[in-house]
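All remarks here apply to the structure that follows.
Order of writing sets the chain letters: A, B, C and D. Residues in each chain are counted from 1.
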Amino acid sequence: MTLNIMTAADAVRKYIKDGDQIALGGFTVNRNPMLIVREIIRQEKKNLYMVVHSQGQSLELLIGAGCVQRVELAYGGVARFAPTGNRFKKAFLEKKIEVEDYSNYHMVLRFMAGAMGLPFVATKSGIESDIVRLSGFSPESRGKGNVPSHKLKIMDDPLDPNGGQVVVLPPLKPDVALIHAQYVGDDGTCRICGLTFADIEQAKAAKTVIVTCEEIVPMDFIREEPDQNSLPHFMIDAVIPAPFGAHPTACHKFYDYDPMHLNLFKKMAPEDDSFKRYLDEWVYPFHSQEDYLEKVGIRDLLKIRANSALGYAPGLDRR
Amino acid sequence: MESYTATEIMALSAGRLVHNGDILFAGTGLSMLAATVSKRIHAPEATVFFETGGIDPSLDELPLAVADPRVMVRTSVNTSLADALSLLCHPKFRTIAFLGAAQIDCYGNLNSTLMGTYENPQQRFPGSGGACDAASMAYGVIIFMQHQRRRFVEKLDYLSSPGWLTGGDARRRAGFKRGGPIAVVTNLGVMKFDEQTKKMYLDEYYPITNPEKVAAETGFHLDISRARESLPPSDTELTVLRQDVDPQRLILGPMPVTSITQ
Amino acid sequence: MTLNIMTAADAVRKYIKDGDQIALGGFTVNRNPMLIVREIIRQEKKNLYMVVHSQGQSLELLIGAGCVQRVELAYGGVARFAPTGNRFKKAFLEKKIEVEDYSNYHMVLRFMAGAMGLPFVATKSGIESDIVRLSGFSPESRGKGNVPSHKLKIMDDPLDPNGGQVVVLPPLKPDVALIHAQYVGDDGTCRICGLTFADIEQAKAAKTVIVTCEEIVPMDFIREEPDQNSLPHFMIDAVIPAPFGAHPTACHKFYDYDPMHLNLFKKMAPEDDSFKRYLDEWVYPFHSQEDYLEKVGIRDLLKIRANSALGYAPGLDRR
Amino acid sequence: MESYTATEIMALSAGRLVHNGDILFAGTGLSMLAATVSKRIHAPEATVFFETGGIDPSLDELPLAVADPRVMVRTSVNTSLADALSLLCHPKFRTIAFLGAAQIDCYGNLNSTLMGTYENPQQRFPGSGGACDAASMAYGVIIFMQHQRRRFVEKLDYLSSPGWLTGGDARRRAGFKRGGPIAVVTNLGVMKFDEQTKKMYLDEYYPITNPEKVAAETGFHLDISRARESLPPSDTELTVLRQDVDPQRLILGPMPVTSITQ
């Protein structure tokens, strides 16, 4: 298996088309595929169809930059830095995006069903809620392109007469999954350290998997402890070496989230003008990760550098 | 002037509801404080876990997000959303979820999604995240709210997380096998739910307020007939909370005025 | 959390009742919970209801000793040492056990559904096969005790009009899961090294989890690498220190399967007389694992001892 | 007298059917040999995985069981049955499963469960294990059989693993989106399935036999009109198989008589 190492620019050009359904790895402030997201914005992809559980800085950026047409999600925010994502909120209220709400378990089960080839998946979660009663996507969009014919269906448990109602959900099989991992072996094997969120399910469910990684390591290293590996080599379509590739979100064992940058973003995100300035300053000018990191600056990167024993930056000023 | 803040008594009031051995589904903020303080004081065998998959982290530093790398350190297991969310509904465990929301109704149903409609949206919140799942599947739910009429509403704009639904046995009839809100902890007091009707009533009000004031801040009729004053925080509770749980006051915020001046 | 360390005898007495539904961890010749299985036989438990995917030496022993009334399984054999389990075959043909056949994916999905609180689970696997058309359990047994009302149901995909038929399976929630692990921390955290088969799903689905383990290790050790851990401490009801607890099956990183013993068993298993002699010689007399291991003998144990770099015994004569 | 054994030509014949890049669902025995020999000769980027969860192990020693610790060493990932079996049905990959069975019919349906009935059982086999799953969900299936009339039957006692079902488009009509048996490799030759009818026909017979003998060992009518003699094993193939893949002859068994005397 030869490792398909690419630049972010080439990977986006080759694998991401306008209108694609895209799953974003990570969770709110952790392991967002930021490098590739900035490249998607630079290449001005349009009408993307995001499928996520809880995002996140990457979703904010993509929505804000006008790349997104529709979103299926459970949570749109950047934790304490934006309990509701500013760009997400604005685009929703201005009806620039169509949003379909699910719960985190719904989304995760749907990725799992896609990954496992299950025709559908059922849960009790959400019965009698407006999540299962209402739909944010227009009726005309249903059943077209990647939009499933039904958001979900409520049915009686077919096996247990006392089982009551259940929520039946369609699987997700995104066109592309974007994952940021700590390690990829030079055989292609991918290892995520710390919590995997739903990244593994997303990658297995997707037609194309693009992985950005902190380090490419020898096969001997990554295969010494295969219990820790996350995805087999043949599952990965493109690998992009990406030091600090999740910045300003965290990457366990490598760096913490960047509170300075996230607070800056928090200030610039709400208004269109200042958000545009953010893009002009932090996204458009950089055609290499090195250029971007120079702009972030070594002082900042040293502050968020993870302690080897802890995996985060102890004592970091996180206010 | 009290010698503790609303945030402090909220964390402690919620912490008092935790039983030893509970499996606590924590968010960040207040729920982290409540979970941690209860573990240090009266529920040492309670376990904290996060929907992101971190089970029982050491929490040497307070995480500010459920995806904070601080929830991945010296855990019992680092796992995934699928595992963490399925732990919520494990029938073997008393799983208690701490939730917040933008709106709550008298049956403890929560809105964390939107105001208005999809067609004509007035406001947007982040969405339920794992809250709908916790409200559906956990053994019990403890809700944190800011006590304001616009948040305690007669009718939710959107029901994101099922509480007692329309009250009485509605929740069981809907097919939920367990769960439902246990208490609502606000900056004014602690609300519980009537055994029969499942309607919210005032159980405790903090020494800083009185039942009538609480009712006046509630957008639906709140039964205050059973209300009693909360026990004020003990010295032990405050000491543990301030010195042990959040010494940097990352979540606690500023010290109360009297304490600062002491 | 205090660690509930017990002897096998106490654990079986306390947690296993006649008629219980029991999931066996491991797979054919690997990580079978042999120590606890021998104890179940010594305590003469009856009418057990085994739920397994592919077993295995432990299932052979339990069926042969007359402890089992019914079995749901996908595969009953000990790999090359008994492509069809001799005791399983005999008990089936003499109608001493009721057997319900599923596929491995069916069984694994059912454990997963039990572990995840899913009301049911659906797959395309097995459509038009006799696995979905026929039932080995008597109609009278259906819906009683732990026997699900339906083996499965065939229905049309409720979400996809072109989805065709699907197999809908009931979840499994066994009374007891028996797991053999390499490590349990003194905080109770459990780590399985190498392939986990369906052990994690089985444990999560079960009402009671009994873990035998090669070593009890300090919490500091097991929590240094939580990415490698398999089950959180509160999931485990009883822990039994059990060096060579899976013998004669393998335990990755500790020892290989024991071809000498499995060949001996292969010879003694087919006939009732010789099988009884096997039990008399290898099961009944030993009330401690040390006694049993003395009978196995140090020469044998040295032969199967795992090489630290490989996790198995290289060059072992496996004919 | 041939200078290779039936086991050797079976392994090589099956190996020739493997494409580079295939993801091979291997059992033990012959399928291990076929997978490994194909990787070493013409399909270096094929990957072997096991239903137990071992993905692409180094296979320095041949595993004798799919749960052998030898399938867990220097793998790409060590995972679980759930993961391995779901890989089978991944639409992105050409997953090829090697299966065996006690009985096969002319449409490649397999019995590995029982003879007789549950009520009146005559014989018991281990059960389908993951074979039913592979037959249902893999991109394609290659079947190993001993060629005997009692195994190649008009009607199966029990259909454990769906092949082409009743032939023609029956498999697609049943709702399977892909898959079906590609070939049956026996000790006498290689059978394939007619494009239209999906009925088994003799594609290749080994130099040690002839089409009529193969038909005589088959319990249903076998079309031999398209049969051609197999290419005998090349020196390279035999060398790789004997010296590289199974030097201890754990699966290959005894050397052929002529080779031994050479």
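We take it that a residue touches a chain if its C-beta (ideal position, glycine included) is under 8 Å from a C-beta of that chain, and two chains touch if they have at least 3 such contacts.
Keep in mind that what you see is a predicted model, and the values were worked out from it rather than measured.
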Required minimum of steps from chain A to chain D, each step between chains that touch: 1
Comparison of B-C and A-B (more C-beta pairs in contact): A-B
Separation of chain A from chain C, taking each centre as the mean of its C-alpha atoms, in whole Å: 38
Cα-centroid distance, chain A relative to chain B, in whole angstrom: 28
Length of the line joining the C-alpha centres of chain B and chain C, rounded to whole Å: 40
For chain B paired with chain D, centre-to-centre distance based on mean C-alpha positions, whole Å: 58
Residues of chain D whose C-beta touches two or more other chains: 72, 78, 82, 86, 89, 137
For chain A, residues that touch 2 or more chains besides their own: 109, 116-117, 124, 163, 166, 194, 227
Pairs of chains satisfying the touch condition: A-B, A-C, A-D, B-C, C-D
Touch list for chain A against partner chain C, complex: 109, 116-124, 148-150, 153, 155, 157-161, 163, 166, 168, 170, 193-194, 225, 227-228
In the complex with chain A, residue positions of chain D that touch it: 23, 45, 47, 49, 55-56, 58, 72, 74-78, 82, 86-93, 137
Touching residues on chain A, where the partner in the complex is chain B: 26-30, 53-54, 73-77, 79-80, 83-85, 88-89, 92-93, 95, 99, 101, 103-106, 108-109, 112, 124-131, 133-136, 163-166, 194-198, 200-201, 250, 252, 256-257, 306, 310-312, 314, 318-319
Residues of chain D that touch chain C when the two form their complex: 28-29, 51-54, 60-61, 64-73, 78-82, 85-86, 89, 113-114, 118, 121-133, 136-137, 158-162, 165, 174-177, 250
Interfacial residue positions of chain C with respect to chain B in the complex: 1, 115-117, 187-189, 204, 207, 223-224, 226-227, 229-234
